[in-house]
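Structures follow.
What follows is chain A paired twice: with chain B in the first complex and chain C in the second.
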Partner chain A sequence: MNQNAPSSRHSISKLATSAPPLILLAILALIPLAEPGPNTIRLLFVSLVWVTASVAWNILGGFAGQVSFGFAVFFGLGAYTTAISLNAGLDRLSSLGLAAIVGAITSLLIGMPTFRLRGPYFAIATIGVSEAVRVVMTNLAVTGGASGYRITEKGAFNQHLHFYMALGLAAAAVAISMRIRYSKFGLALIAVREDEDAASDLGVNPFATKLLGHAVAAALTAAAGGVYAGYAAFVHPNGVFGFDISVAILLMPTIGGIGTIWGPVIGAVVYGLVQEELIASFPQFHLLLYGGLLILIILFEPGGVLGLLKKSFRLLRARTGIGVHT
Partner chain B sequence: MASILKLDRLSKNFAGLAALKDVSFEVEEAGLFGLIGPNGAGKTTLLSIIAGSIQPTSGSIVFQGHEISGAKSYHAVRVGIARTHQIPKPFRGLSVLENVEVGLRFGHSKRSADKTKSGMEFLERVGLAPLSLMPASTLSVGDMKRLELARTLAARPSLLLCDEVCSGLTETEAASILELLCDIRRAGTSILYVEHNLRAIMSVCDRVIVMNSGQKLAEGPPEAVQNNPSVIEAYIGKRAGA
Partner chain C sequence: MNIVDFLNLLVAAVLLAGVYAAMSVGMTIIYGVLKIVNLAHAGFLMLGAYFVYELYTRLHIDPLLGVLLAFPLFFFIGIALYWLLIRQIPRSDQPTLSSLLLLFGLWLVLQNLGYLVWGNADRAILTPRTFSTFEIGPIIFPTIRLVVFGVALASLAGLEFVLHKTWFGRAVRALMQNSDAGRIVGVNVERTAQVAFGIGIAFAGAAGGLLAMMYSFTPDFGGSFLLRAFVIIVLGGLESFAGVAVGALILALVETFSILVIPSGYQPAIAFSLLVLALVILPDGIAGLWKKRQLWT
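The block that comes next holds the complex of A and B.
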């Protein structure tokens, strides 16, 4: 056996996995220069916000297998925190940082009692917490209650700035997700998902692992909510704390491929783009379509779009004989 | 010789059912200690309590001079107690090597000298190295048992708790696992070995404890225990007319 073969193959595969994301990032960064029009930029902006939330949810739901129906809490708190901080005169980056911190702290408060529950009980508890927060925010006078809260814009609206903030955050979320997946922490998350007791028997603290995974996911989701609020300049409880936001955040990774790095990204882009078109044409019909899609995915392709692509690719390779390992 | 583990009047009740009643014994440093008994004797319960998987109702567990009863299992692993499961619990979505990595990276915090060892070395010891990149879900039951042992060894325990590592294996496979246990013990690790199969345990252990109905029935060297009338009775029943 050639001793050098594995190491050179390793560096080639490393290049092969890191090059396409960087090229994709570069292309996305160059898009505004082509002046594609405000509607396209807005569509891309929304998709990128969804990418961040989807990738974030996947860290807890995909890697650690803890299915939460309550991520609207973090999205909403991030949006409100950013809106209030911007009005208080804080700069955009610090406002997002603050939103992330508020999200992470809230996740600990939610996680400490609920992670003592296992399986479906955790999922059910997150629905309760999420609805409770929405009701509180609807009745909280300081933030305008149900009528919402407005950001007073200082200076002219710069759509490109918002696009780049969303792109930067989405890229950071994917990078963090990749980093976690192949780290000691990522190994702990997956071990907890596969068998919590066996993980504990090998030295993994399941409770602490889930809490930390929840905190990272919540911080990123809150920052996504903050970027969204900065663009919309207006937030209201039924918009950012709505149950449909929670459902969307867990639907995207499921569509794309749960527990993978790129599945949640694909799912978010599919969701973001399709949703815009569908909402315009069929205001109620789009939820029905997602419901149907979810059933089909769970029944026939639990690996999501990414799983389907991988299968088709393998099939194609077997048919054509290209790159078949002997 | 000093004892690494000391159990004192350990009891466990499951909703009124006494699974363990006042069990006391000591495991010597670098000893290979066998724990036998018929089905339902409380062997696995005892192992789970020492490993921290379940908590005792009363009694004390002293490991290397420290009281550890009530500690969670991940804490027990970090101070040097690791267990295998009778029914293997592989992380099915991870590769065979990644399974071992979990034990390697989260195991015993003090035995750092061994940390330089790679996951592959532990797989080689149980003969799973050729399957390192396979998903754990694709392994046969016998291979899952070996993986269970490999990743527990990767956690570098000072006290290894083995729960029927040989059941479901062929004679040859069982013999190689027993040989491995003897090697591990020679390298300084103490072993508490729970086994249903008397022959396996009698051939390797230097001391044996027999349990029946949650209580200690007998304790001593294998030959002495084997000829103990109450042990024979528990396993086979009373001689007719006796």
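The block that comes next holds the complex of A and C.
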């Protein structure tokens, strides 16, 4: 964002791409002033936490093509780190920062043994990691083990404060995702996804690239877990390390459109708004629906909602002839 | 620990290794031929368990016969799923994003269909065999484990025969070594892949039945065994059948003997720790170690 625009056309297109998100952000920031009621704010808050995690997963899964089934481990560790540091007297922002650091370090522990190798090792390892950490946290006495861990609130509960923290984090996640996508680092991530050998021949270090992508994604997800913990004021191993969380985090970008900037945002909003209804009406079987959805998307529209929109747009344009240069 | 305890644990570990090998071999054949990690493996283990259970409780069919019946049934389920799902996704020499997400979705569907049909109550297959034992000197053999071990070994021997003595087996091994070269010498890749997928699912279903004779189960039953199967095939080098046997033995030994030092609450984390350890120390698995030695000598 700090380079000077080389031509006016360039700066106009830049304005065109950065203006709508800023307008969206402004509208979202003004919502609490309209006093829409605590339940609406809560729903928005949860959706924004999901947006952060979804955008984060996409940085590694979408840009670099490395599928992780274990992002709950970062969400959970972020939640626990924030809870513990809040109780230790740290302020909210530093707690989130600490959570992000813990997430990034954990991501290195998972990435170092697995990213060096070709093949499915990373995906395989991530299947087990959340479960392993959940088991350890359930047995760990320091954090309350299976009874969970409570945050002692110091001031009065301020829902708007939590909403703005979630909004700020989600906006930061989207900004980071945009910044990465059009940077050299982002191109390296995509090169690794497309062809690791070719990328390596062109001077990209696939190992370091994947490791860094994983760390950024993990830090953001851990911060999302932290924001969530601050709101809920209670964390439990089966909740924050749950299999559902890992499934949700990979499902959202898939719904919206893997590898795009706005796909994961759309997916997270759809998921955030729908899942409450779904869990209320099908408490046992929402995972069945999610699994079916995953299969259908991969078979019929790997581009997700965004891909579907683009296709219908193109179809519309071809039918009506609008915007077609002949 | 005295020598008798040691021998008892050793016997338990070896007997466990048999069923572990049978449970993992299906994943190896699917990975070897299709380069797909069958994440839905856990779902088929679970379905196999309930299949044998339903046959036993409703029709009073002996669980052993149930396991034998599981082979053809799950083979055809595998063939159908290959036609329906697997052949739709682009083929690659590495697991792709779409194959991983597709099979993960299939796992979620199978697991939660299990909850829909059977609920989350614990089930177990109890036959007169279940609690009987016999002893040779001071060493105790649980009958059921011996039987399961025998069936597992027999099915592995059958697979070994097919792979080494039939045209199909040679085609499978050719594709595992080099799929392009296999195509050049006239292997029908699509057909071979379909049958290989069917065999992989057949082994998963049958192994689920075998596991159900030893443990109680819920629709979530496959999950912990999925991770164990991963550890075993990674230890074995992903594509080696001999490696699977060795990997199964290592995991069974570690799990059995770790009871002595690690609190039981932490047991589920053992498989994962072993997986990470294997990745750090033996990235190519035991088969890789073997290959390296051959290169040096």
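The rule is simple: the second predicted complex is superposed on the first by the 313 of 326 C-alpha atoms of A that agree within 3 Å, B and C clash if a C-alpha of one lies under 4 Å from a C-alpha of the other, contacts with A are read in each partner's own complex, and residues count from 1 in each chain.
One rule holds for everything that comes next: contacts are C-beta pairs under 8 Å (C-beta built on N, C-alpha and C of every residue); 3 or more make two chains touch, one makes a residue touch a chain.
The model shown is predicted, which means the values in this text are computed figures rather than measured ones.
Of the two partner chains placed around the shared chain by superposition, chain B is the only one that A:D201 touches, whereas chain C remains out of contact. For chain A, the partner with contacts to more residues, out of chain B and chain C, is C. Shared-chain residue A:A125: touches chain C; no touch with chain B.
Shared-chain residue A:L43: touches no atom of chain B or chain C. In the overlay built on the shared chain, the residue A:A188 is in contact with chain B alone; chain C does not reach it. Touching chain B in their complex are the following residues of chain A: 184, 187-188, 190-191, 193-195, 197-206, 259. By the touch criterion given at the top, residues 31, 37, 39, 85, 88-89, 94-95, 97-98, 100-102, 104-113, 115-116, 223, 226-227, 230, 234, 238, 263, 265-266, 268-269, 271-273, 275-276, 279-280, 283 of chain C touch chain A in their complex. Residues 61, 65, 67, 69, 113-114, 116-121, 123-125, 127-129, 131-132, 135-136, 138-139, 247, 250, 254, 258, 284-285, 287-288, 290-295, 298-299, 302 of chain A are the ones that touch chain C when the two sit in their complex.
Interface residues of chain B facing chain A in the complex, by the touch rule stated above, are 51, 53, 72-74, 77-78, 82-83, 85, 89-94, 98, 101-103, 105-108, 151-152, 155.
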